[in-house]
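These notes open a run of structures that come right after.
Consider the two complexes below, in which subunit A is the common component and subunit B and subunit C are the respective partners.
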Partner chain A sequence: MKHNYLQASAKYFWIAKITMRSNLAYFGEIGSRFIFLAIILYIFMCLWRVTYTDTGATYLGDFTFAQMLWYLAITESIILSTPDVSQKVDEDVRKGTLSIHLIKPLSYPLYFLSMTFGERIVRFTMNMCVGACVVYFFVGPIGLSLKGILLFSLAIPLAFILDFLTYFTIGLAAFWLEDTRGLRIIYSRIVMVLGGMLIPIELFPDFVQPIIKVLPFSQIVYGPAKLFVNPSSQFLFTLLLQQFIWVCLLTLFMQYIYKLALERVHANGG
Partner chain B sequence: MEASLFAKFYNYFLLVVKYVSCNFKSHMEYRGAFLSQVIAMFLNNSVWVIFWVIFFNRFPVLRGWEIKDVITLWAIAASGFGIADTICGNGLEIPRLITRGQLDIWMLYPRKLLPHMLLGRMDATACGDALFGYVVYIGFVHPDILHFIMFVALTLAVALVFIGFDILSGSLGFFIGNSEALTLELRFAMITFSTYPLNLFDGAVKIILYTLIPAGFVSYLPIQALRNLSLTDAFLTLLGGIGVILVGSTIFHLGLKRYESGNLLEMRN
Partner chain C sequence: MHNVVHLDNLNKVFKLKTGSFFKRSEREIQAVSNISLDIPKGQSIAFIGPNGAGKSTTIKMLTGILHPSSGQASVLGLTPWKQRDKLAYKIGVVFGQRSQLWYHLPPGDTFELLAQIYNLKKNDYQKRRDMLIERFGLSSFLDIPVRRLSLGQRMRAEVAASLLHAPEIVFLDEPTIGLDVIARQELRDLIRQWNQEEGLTVFLTSHDAGDIENVARRVIVINHGQIVLDDKVSQMRRQYLASKVLAVKFHEPPLSPAISGISILKSSQYTLKLEVDTNIIPIEQVVNEVLKLGPVADITIENPPLEKVIAHIYAQGNKLAPDRNDNET
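Right after this comes the complex of A and B.
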């Protein structure tokens, strides 16, 4: 039995590995990403430099000026690494290729999860390297420690899984909706705002902060980014716990929707 | 002579009206897709407005700029960009048309190549931008009639800046071959710098923002014009727009001499 589990997980590991390798082939893309991130981070640097100078504050929402820039580099890297999961699922549903996947000895959601994971790890690492170079050039280093990087590496996989679960479920909505693009855009914009991509949650109005901090969006973007610039075991523990709870809840929801969706699959011919 | 110039202008005006109407009708054939793109752009821009609302809620004044000023900036930039690419949507396609030799098709018409080619396409998302700018300006700023008239005029002047920049950045394709990636980066820089207050930047960057990436004509002069109801600033914005168009079309026509037709058989789409 144990052997079977190992064999099954090995399949998905190989899918992730192959996707990673095929994504590494597009290394040239890094050049265009460099300009994009450099412009965004330069503008953010000007904006926050003026803000810190005008307010005379050393810390704004627990962040120094340099930490703020590093935080924004991480949040941008996370958002820019989002793969188009829901679009692919949507196409599989519309074109009927889903039925081909269903006859393979693979779980369709797990197949997508491993593929997405492999793709996202590569894209995120590339973005982060570019973002780190740009921010290092603008504001210099922040006190990074091995512990911080380790804590960050623990939080980021669950953040990607959380994001995947929502995008996958949105893709499945193609069974009922004419076009899932709208849902996709709404979700991605909610993640940008409530996830703290543009501004840390500490700078949101005080009364909304407790609510936003328990929502899954902040655990995808804000949580890992904050952990990177301000590592703390206490914060990691809370974050992992919240991420775990949301992963469980969203997995259950996704499975329910998936079950309903499969009942609507009709395959004809060969 | 004057009459013929007026007749020419009127003739081109009719052409613009006809093209906009035809392009709109062709989008209406796929109503659902068109509306979803308009709504998507609306939502996309709303994210930035929400960001600024949160930001100004925490820091009410930024180098003399208040929330109303930044919202006005977003409204002008979005509607200016939107009007530009709603009417002259092919401006975004210039690098592709050059690379694939698709300018050939536009050369066959008894019209001036550049203005006619620019009118050939309407960008659906740009309609969302244009609409967003007006809705946000009216909804957030509550302008009086004088400010609103000035706003409309400024959005048209800003649209000229964007059209000129589309031509300018797109024409790079004549000189460096496939310029799609570079043009995209330049346009991204133009749009991004246009949506932040100019006084965040200093020194050499400010000079760049009035020359190479003329975002200053979007993010500073129009706001000053609206703040003080200043005709001088409004006139300078218009002058900026005309200037960018002139530079853009000069570069385009210089580049056109280097254009090589393709042997690919293609239909106009």
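Right after this comes the complex of A and C.
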């Protein structure tokens, strides 16, 4: 039995690996994202500089100007590395290509999860490198520690899984909805706003902060980015716990939807 | 002989909801009705029928994606819809219109991934891969990303990929669609060779008469969810359409023929093309009569093209089962 698990995980490891290779083949597209990322960071640097100068504050919601820009570099890198899981699942459902996957000895959700990791590892790492260079050039370093990077890398996998679970489930909605684009856009905008991509949660009104921090969106974007800028084992522990609970809940929900979807495939052929 | 596929009264009814929200009515469509079928190991069959006849539905049930409404099926001793995961290791599937190769990567990379997906042992995989590369002539483009391959090269790699885990049966769904004449012939030869030399059971669907003739020994025609013909390809051609085409060239302009049971397909100054209904008149008699029409330079007797035979069978099937698809409930 143990051997079987080993073999099974080897499959998914290879899928992640081959996705990484496939993503490296798209260098042109990745390059154009770099330019976009650099421009965004430049614009936000100008905006935040004005804000910090006008208020005369050194700290805005626990962040110095430099930290704020590093925070932005991380959140933008996370958001810009989002794979198009929803579109692909939606397409598989509509075009009937789902059946090709079902014929293989593979789990369809795990196949997509592996691809998500493969893609995100490449894109996120590259975004981070570019983001770090740009921010370093504009505002210089912040006190980066090995601990910060370690805590950050512990928080990021669950963040990616959370994001994946939602996108995958939205893709499956194609079984019932004419178009899943609406859901996709709504979700991605919620992640941007409530996830704290542009503004850290600390700058939200006081009464909504606790609610937003408990929701999964902030655990995808704000949580890891905050850890990178301001490492704290206590914060990591809370974050991991919350992420873990949400991963469990969303996995159950996704599996339920997937089960309904499979019943439909078995009855109608997809 | 050991049967690889055994179908016993397989039925599939789709429920289709129509109408607006308040006036919902459910309509049942019988996509496959009472199909019984045995395929012995190593046979190559062509499973053909017009669009919407129930071909894909049957393939989906055989591969375990679709659950039947009633009936039994066994593929390699397994019930597909109950043991899909187990079955997946033993069957190969190629869809002509849907690629399983990774678009931005060379075929070799997909092969390695497939080796992992099918849990192949390293040595077995390497041996098998090298053999496939050699037999399918893949070595010249194994390292080139799939997006830069020609369709012919891609389909060769596609079929090779489906054979990597040494399946016992392979389902080929329109594998030659879109290929040019040479690529098409190459692929047919490869599939036929693999069937004859390796004893691979081949289940082919195609709309191309050439695929059926060159690859399959047995042909099963399905229409309106029912099997309307199950015979050897050669028999089908001979028996189903009792007609021959006679083309004659003369040295001098011939007399006009007055023979019952023939129709003139084409006639010019020195040539004559006749279709002979051998139920009415035997072909020898027609030849004798034709020789009397003038000095003959050349004479050929041809079977009607398979496409015509198939069209004829489809048309008959339509007459046999009118409106079977519209049973309102």
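By definition in this document, the second predicted complex is superposed on the first by the 261 of 270 C-alpha atoms of A that agree within 3 Å, B and C clash if a C-alpha of one lies under 4 Å from a C-alpha of the other, contacts with A are read in each partner's own complex, and residues count from 1 in each chain.
Throughout what follows, a residue touches a chain if its C-beta (ideal position, glycine included) is under 8 Å from a C-beta of that chain, and two chains touch if they have at least 3 such contacts.
Being a predicted model, the structure only gives us computed values, none of them experimental.
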item: Which of subunit B and subunit C A:186 touches, first, second, both or neither; value: first
item: Contacts of A:167 with subunit B and subunit C, given as first, second, both or neither; value: neither
item: First, second, both or neither for A:35, with subunit B first and subunit C second; value: first
item: Subunit B versus subunit C as contact partner of A:102, first or second or both or neither; value: second
item: Partner chain in contact with A:152 - subunit B first, subunit C second, else both or neither; value: neither
item: Subunit C-facing residues of subunit A, complex; value: 7, 10-11, 14-15, 18, 21-22, 25-26, 95, 97, 99-100, 102-106, 265-270
item: Residue numbers on subunit A that touch subunit B, as the complex places them; value: 32, 35-36, 39-40, 43, 46-47, 50-51, 54-55, 178-179, 181-182, 185-186, 189, 192-193, 198-199, 203-205
item: Subunit C residues within the subunit A interface of the complex; value: 14-15, 56-57, 60, 63-67, 81, 84-85, 88-89, 91, 93, 95, 98, 100, 102-105, 109-110, 112-113, 116-119, 145
item: In the complex, subunit B residues that touch subunit A; value: 32-33, 36, 39-40, 43-44, 46-47, 50-51, 54-55, 57-59, 61-63, 181, 184-185, 188-189, 192-193, 196, 200-201
